[in-house]
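You will see chain A twice below: alongside chain B first, and alongside chain C after that.
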Partner chain A sequence: MSYYLGVDIGSVSSNFVLIDEKQQLQEKLYLRTEGNPVRAIKNGYKELLEKRREKLDIKGIGATGSGRHLADIILGADVVKNEITAHAVAASWFYPEVRTIIEIGGQDSKIILLQGGVVSDFAMNTVCAAGTGSFLDQQASRLNMSIYDFGPTALKSKQAVRIAGRCGVFAESDMIHKQQMGYPIEDILMGLCEALVRNYLNNVGKGKKIEAPIIFQGGVAANAGLKKAFEKILQTPIMIPPHYDVMGAIGAAILAREYIEDQGVNTAFKGDSFIIEGQFKSSSFECKGCPNLCEVVCIKREQEILAYWGDRCQKWESSLGHKEVG
Partner chain B sequence: MKITYPHMGNACIAIEAMLQKLKLEVIPPPPISKKTLEIGTKHCPEFACMPLKITMGNFIEALDLGADTILMAGGWGPCRFGYYAQVERDILADLGYKFDMVILEAPDSRVSELFRQLQALGQNVSIVEAFKALKFAWYKLQVVEELEKKLAYVHPRALDKRKAENIYDLALEKIKATQDKEEIDKLFHTCLASLDQIALRAEEPLRIGLVGEIYTVLEPMANYNLIRSLGRLNVEVDNSIYISDWLNDHLLGGLVKKSHRRQLLKCAAPYLNYFVGGHGLETVGSTVIYARQSYDGVIHLGPLTCMPEIVAQSVLKRVSSEEGIPCMTLYFDEHAGVAGIQTRLEAFTDMLKRKKARRAAIH
Partner chain C sequence: MKTVGMPRGLFYYYYYPWYKTFFNDLGARVILSSPTTRITVDQGINMAVDETCFPIKVYFGHVQELCQYDLDYLFVPRIVSVEARSYICPKFMGVPDMIRASFSDLPPLIDITIDISRSPRDFQEELYKTGRLFTKSRRRIKAAYEHGREELKYCQAIAAQGYTMAEAIDIWEGQEEKGSWNSDLCIGVLGHGYSLYDQTISLDIIGRLRKMGCRVLLPEALPGERVEEEASTMPKRIFWTLGRKMVGSAFIMEKKPEIDGIIYVACFACGPDSFIGEIIERKIENKPYMLLVIDEHTGEGGLNTRLEAFCDMLRRKRRQKIEDNLPAYG
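Up next is the complex of A and B:
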């Protein structure tokens, strides 16, 4: 069977999806990046092959997420897209009427507003990662609790306590204070959810007009406590797509399908043996060509140099030929 | 006297020309690098904006090279920049540097005051020579800005971006080095001709207006090379602020060339009718003008914690919805998160592209 592969390489998770020619999801994989995107990309692809137990006929590949360029180097992507576009494309495929997308991932959160299926405005968190997945993970492990129990426990709360959500560090000390005062854990967790929602609306949503239908996606959408907090504060029902955790990857796959079909070209996919058999290595050096002293990253497979990046003047980057991104 | 000055984009080319014509020995600060910012950050208050930190780094690097006099711009109004010269003087003195600081202030009433300030700075120069120095610097600035504009047109359309960048960079370097008018003219025309030779894409690029705080807009090291990054994404960038416009409006009383400041204020008036310091008012006015000229979008820049631009940002929301132009604000500070900036630029241009395509499909 023919597939389009979508990959979303984030700071915390690396997601893979296969969609068929009718844009139906056939397989999804949600893995932890664990600080090693190269390994995550390789292992993810391997796992995908093992799961499908067939020779995958890959028609096209789309890559997104902060590791999208790395994914492009290792897999050979046809479309390399920013996360905003990828998430918007996926959400409006499942919900053509969607007006607002709340996306909270491992280390960043975004708000995307759409009109008629096209992005009209967006924002990403700038200086603070409070309220994103990493922070929730950290709080759960501090309470010696699995992140999967976080949501269900928070939902038991009848009276959320007030926690300062202005800053992650303050939120944590406020939580500890409330714990020592003896408040029940579920009320503290629900309080934290509400604090994070307020933080999100103030820092990311910042005065933007949030209109229904609202979609909540990204790994953090698994947390039922946050969904409830959003609904309470926005006073609107919120929808969570069935594949909320891999929406970026789905969007990338859809974009790849569109591109391949519109342009009538063959995929740049590098093939199984290139991905699985080779040793990929990255190294970095300081370019001494000018006073900028850029830190240039070099990606190699065995002895072959695949890519450079990080240089402002693109002296290194363009030395291997240029590929357009957007 | 060995004089130095702060960097701001291509301003160094004109400043150096003027100082040399005033018969001064010039020690230019080394080009801004990571080290410059590191030094500046170390010695400046943490909450101050990036322009203070970078110019401070410039001064320390130049003093270490033997400079003994610093030329710095003053200013007034709610923007903190007007006070930076004084702050920098005190910090440098505390660090044990021995130097003089000359602060050029905008004249209150007459332009002749400016000539006097310059004459006083020069080594035994007459007022006529001071005038000539200024005129030559102005000429050089005009040439440089013409080339900037040419590159702004060619770069987003060029098939070979690096070639366009190289032609321009090289020409600028040569123009900077010469103080001979004929030579400058020759370099200027050669550069224009070579840029004209570059093969262009058939597709018309997106057009984005750039507004915001002047230093962040003009200094590539303060905005992580934003204009080039956009050009590489095939976006044509119109800069709302050029140094010559600013000098014309603020230092020369609008004498040298036609000012469009009145139109700017008129366009800003329905949204912001009050001087909020820095370039807040210009940001709002320029955004309105871009909207009415059917630009595809506006990118608004400022250094983190910049009060005038924060005011402008909150006003831009209304401008954006009423004038129908997408705006994105980016603040810059000392961080290496270039990937985050790139993602936002890509997302913004992608959004504009898709919007444009949909408009085209409807009509």
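Up next is the complex of A and C:
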């Protein structure tokens, strides 16, 4: 069977999807990046092969996420796109009418507004971790509960406690305080959800007109408590797409399909043996060529140098004499 | 021959040709610090007080570099106001004092105070005063002053063709003009020159946009009177010179049909930027607008993602418009 592969390599998780020529999702895979995107990309592809137990006929590849350029080097991508575009494309494929996308992932959060299927405005927050997946994981483990119980427990709350959610540090100390005062855990959790939603709306969604239909995606959308808090504060129902956790990868795959079909070209896919049999290594060094002292990253497969980046003057990059990383 | 050191920062981007011509005509050699690098930034962060903004810290890095040279003077004017009833940001005013307090072995400073709000002839008088360090001839000083003004105008005319002030200064100094860039989008980019045109401070936002296929339109390419006219439509007069220029430029850009979108590059710790950026955000309703806040911790990755997403959005929008305008029966 022929597939389009979409990968979304983030700092916390790396996601892989296969879609078929009718753009139906055939496989999805979710991996922790664990600070090693090179390994995550390679292992992800390997797992995909093992799961499908067939020779994958890859027609095209799309890459997104902060590690998208790395994915391009290792897998050979036809389309390398930023996360905003990828998320928007996937969301409007499932919900053509969507006007607002709330996306909260492991380490960052975004808001995307659309009009007629096209992004009309967006904002992202990469600085404050409050409300992102990592923060919720941390709070769950502090409370000795599994992150999977977080949502269901919060939903039991009848009266959310008010928690200061201006930033992660405040929220945490306020929660501890409320715990010591003896509030029930579900009310504290629901209170935290509401605080995080207010925080999101004030920081990421600042000044934006949030209009329905609204969809909520990214790993954190699994948390039913947050969904309920969004619905309560925005006073509108919110939809969660079935594959909320891999929407970026789906968007990348759709973009790859569009590109391959529009251009009528062959994929840049590197092939199984290139990916699986080689040893990939990324290293970095400080270039002393001039006072810019660039932190240059070098990607190697066995002894062969595949890419450089981070060099401001592009002297390293151009020494390889191939296509630009865009 | 006397040498005058000049840091490549802050008002370098707005006045350098004037200053340089002035000093040269009086027989002095101008030594300019090198373009900002990571070392400049690191040294600046080390030397400057924490509460200042990024461009001022970088300015300190440039001063540090100049301290290595054998200079007769270091030119660090105290710029309070460059036009009537308007001010430059208060952080500018203290720059010479902060420099004195932070560096030990400084050459003599030329720290004239330029405050046009005090008197329209202030700039001239202060420069004349400076001129007397080099010559007794009032005529020569006057001629150098006038010549400097002409050169600045000439350099501004170069910038108006689509160059940043940094590039225009290079061209004015005799460097070759850069080739044209291929573009299918046109983006209006706003920001204080000393951040925006410093490739290290702004992480070369302009170069990145050009590489992504954008033509960039900058405030310097807009006629000054029109900028003032547009800015004066605000209910309350903005008395920060740069802020007013940004607001007026944004309003013009919004009306220009060839401009697809507008980006404002603001500094994180900058007081004026924090409200000017928002005023513009609220007022610009008919064009996509993005506020980018930068500081010494801004990462390349996040910046590229935002720029790329902005360009993608503009391109997809345009394609949609074209498709919408096609007759449904065809």
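The rule is simple: the second predicted complex is superposed on the first by the 319 of 326 C-alpha atoms of A that agree within 3 Å, B and C clash if a C-alpha of one lies under 4 Å from a C-alpha of the other, contacts with A are read in each partner's own complex, and residues count from 1 in each chain.
Just so we're on the same page, contacts are C-beta pairs under 8 Å (C-beta built on N, C-alpha and C of every residue); 3 or more make two chains touch, one makes a residue touch a chain.
Here the structure is a predicted model, which is why all the values come from computation and not from measurement.
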{"item": "Fit or clash between chain C and chain B when superposed on chain A", "value": "clash"}
{"item": "First, second, both or neither for A:Glu83, with chain B first and chain C second", "value": "both"}
{"item": "Touching partner for A:Gln314 - first (chain B), second (chain C), both, neither", "value": "first"}
{"item": "Contacts of A:Phe122 with chain B and chain C, given as first, second, both or neither", "value": "both"}
{"item": "Partner chain(s) touched by A:Asn292 [first = chain B, second = chain C, both, neither]", "value": "both"}
{"item": "First, second, both or neither for A:Gly207, with chain B first and chain C second", "value": "both"}
{"item": "Which of chain B and chain C A:Ser141 touches, first, second, both or neither", "value": "neither"}
{"item": "Where chain A meets both chain C and chain B, residue numbers", "value": "66, 81-85, 116, 118-122, 124, 126, 207, 290-293, 312, 326"}
{"item": "Interfacial residue positions of chain A with respect to chain B in the complex", "value": "66, 81-85, 116, 118-122, 124, 126-127, 207, 290-293, 312-314, 318, 322, 325-326"}
{"item": "Chain A contact footprint on chain C (complex, rising order)", "value": "34, 37-40, 200, 204, 211-212, 278, 281-282, 288, 299-302, 304-306, 308-309, 312-313, 316-317, 320"}
{"item": "Residues of chain B touching chain A in the complex", "value": "30-35, 161-162, 165, 225, 232-233, 304, 314, 317, 326, 331, 339-340, 343-344, 346-351, 353-355, 358"}
{"item": "Chain C partner contacts - residues on chain A that touch it in the complex", "value": "66, 81-85, 116-122, 124, 126, 207, 290-294, 310, 312, 326"}
